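The letters A, B and C name the chains in turn, as written, and every chain counts its residues from 1.
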């Protein structure tokens, strides 16, 4: 599956969080299977969307991929190197290639640091440029690239609005000249009129710098706009992956169908005429996920087999992968 | 439409706040606390009294006893009166104040260093390290501080040689008391620092630093610690008052700083026999302790509000 | 409209903060008829929630201050009523549900206790009557096994379930007006769809007027009869839902719709972004608040704030420019 065009290759990635009780002698009383064996690859220059409801593990998946949480199992190859199993200098070298942008523009910038320190930190860590002065110059360039005026270099994060802070976060992510950026819900905390600014900026930077994105989000309309391919997660597993037009126009998994039908369209006539699949109930707990297909308790078309047998992950048409017993 | 360069209108330039650092914001908010400002003024006056007063009276005069002048009430010659062996109380409160404030400040430095190290390690690394350090902390907290102070003062005090600093001779017990107070008071601070580290390390800016490859020591010292400065300063400020009180306790019990070096605490101790007959013996040192502790507490309260990291308004 | 259930005129709310006066709501007027669903749309800080809280006198004063306006509800002015009189109206005639169902429920009381409280107070029910009605209400909002679950505590319910409970609570006294403040913003899309469907169903059966506050133009399209668009404390446009989406009359509405990606369309263009950020409400408004970000801006916009004027039947816009032609009005 892997070739020179593949930048990121994730194989059987798992992240389980232990649920413990007790203070000194901690007993493990269960595991939260936040990410439970996901595999996918991302081509160079591509944007892969990862969607799902809260608690489906999409954010954990993005963070575990970069080693921010120690993975329980699996491997993540970025540009030929395994980021999860490298140590020390090797790991630092891979980290330079992969960066992350966060959701909360208030929590993602150190409030005690100036914009200059924040943006030039990756350059200091990776020893790019010889002097602080050169790093500041580069930081100024980066601010310009994300649409902020370079004279704001010595300001503190609390002086900026949410959208501006998100731009600073993007400038920091670009500072180490990465190839790959995990965008962890980068726009969901922003107002509608600011969201479009940030999305356009991300698209512009992708063109200019040939970046590859993993775009984690719950806004399915925005994902359709920005992504080339989309992966749908449910309770720690990927249930469907396809090229974006294929996924949105021909969703095969019942969960994907329900999810898409639930998204409102800003068009009153269309919106009122639309047929909805309204799912019953809530997402079950990832501590004891349902047996067989994890979606079966909420699935409107589930059959007996779905309760016991985990559906096979297969490619039903070129580039369209799905895990469902009912898809031929 | 691709590759459009940002036009001027696209530059998201306009800042919503004036350029204020967090410290400037803090000062603006602190100024509004009338009691804290009042406390600040009193504390400055106390420092001027203790350190400026040394220009009026020599230390020799403070320790000079004239048994013919015993237990004199306040007068023009001795504004605060004299003690049981005829020493001038004003001069002794000046030099005693230096020692009391010195003990307060230095023991808090020791306390702060211990508290930060233990709290930071426990909070950042968690797991077994956290469990061990926090059990030790709790064990220390469960023993009454005054009991710890007395036992340690009895054990380490006694015949400590005198020391000479900058031409002045101090009882070695000053150093012992400082270390004892520092070593028995770090627990609350360690808990505060641990709690701050626990919540701050989950912040996305820490994840961003780790994603970049920033080392643990850099994250602890450059990312997290500066964000815990506010609660540390508040807690340490209040601890200065506690340390001065602690010195007064053990000196009052006769286990603290040994004469002839005066402190406000051991001046109180020597007044115990004359509570009724010579109230000026305890009134002046007692009043000074009260003023110091109160003003420091007012300042601490003001700083707690002024440096609140969650508050973004002026 | 003489038959309006609620007629708000020139409502103005400010907050006195140490940094200065926050001009949160700057003289807005609107009405809502019996049984009608009106959506108030705008971004954070546009004054949509504050204006509704002002109507119910839920603004803490100080720092808040309702500096002018009337809100005539069934012939009497809500803003002139005492706190005691408002307590009778809130919950009974006008009910409100909020964005965060977790903080709106008391965690240490059972649901039954919280549900029956207002019924016993407002409607004079006995404990048994109130409980019977509470079970009915919970069943109506789609909570299975309601008779047993009424004795449970809020943490035993999921986010979507808690929002259903909030709705049941709001409906328990059969109010004539329900104010819903971003009730689905904290929920996932599939749960949002459940709640929207539920509210639509209940509206039919109870013939209740709804003011739905939201920033989501998609949800609005599905359920509102009429839409009010707010920006920086002003109403900038008001129209029937089809007119608003078919031919927006204010540059802000136009830009907002263009900035939204559409799930039902293939990607063919860049999103049109609105430059800059919303204005600082600490600065007293001067001219049109949208002028600095507006692509139709003319000189007059910077001088004088346009009033809300009728541009078509049931369609008003506060703009000096006709956005269809780009010519000044």
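Simple rule for what comes next: contacts are C-beta pairs under 8 Å (C-beta built on N, C-alpha and C of every residue); 3 or more make two chains touch, one makes a residue touch a chain.
Fair warning: this is a prediction, and the values are worked out from it, not measured in the lab.
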item	value
Per Cα centroids, the chain farthest from chain B	C
Closest chain to global C-alpha mean, per-chain Cα centroids	A
Most extensive contact between chains (C-beta pair count)	A-C
Approximate Å spacing (C-alpha centroids) for the pair chain A, chain C	32
Chain B and chain C, separation of their C-alpha mean positions in angstrom	52
Euclidean distance of C-alpha centroids - chain A vs chain B, Å	47
Sequence positions of chain B contacting 2 or more other chains	2, 10, 12, 16
Residues of chain C whose C-beta touches two or more other chains	270, 273, 275, 277
Overlap residues in chain A, where contacts from two or more other chains coincide	161, 163-164, 197
Chain A contact footprint on chain B (complex, rising order)	2-4, 6, 10-13, 15-22, 131, 135, 203-205, 207-214, 218, 223, 226-227, 229, 309, 312
Interface residues, chain C side, partner chain A - complex	43-44, 158-161, 188-194, 196-197, 215-222, 241-242, 245, 255-257, 259-264, 266-267, 270-275, 277-278, 293
In the complex with chain B, residue positions of chain A that touch it	23-24, 63, 66, 68, 91-92, 95-96, 98-100, 102-104, 107-113, 121-122, 125-126, 147-149, 152, 155-156, 158-161, 163-164, 167, 169, 172, 176, 197, 204, 207-208
Residue numbers on chain A that touch chain C, as the complex places them	53-54, 161, 163-164, 191-197, 199-200, 203, 218, 220-222, 224-226, 244-245, 248, 258-272, 276, 278-279, 282-283
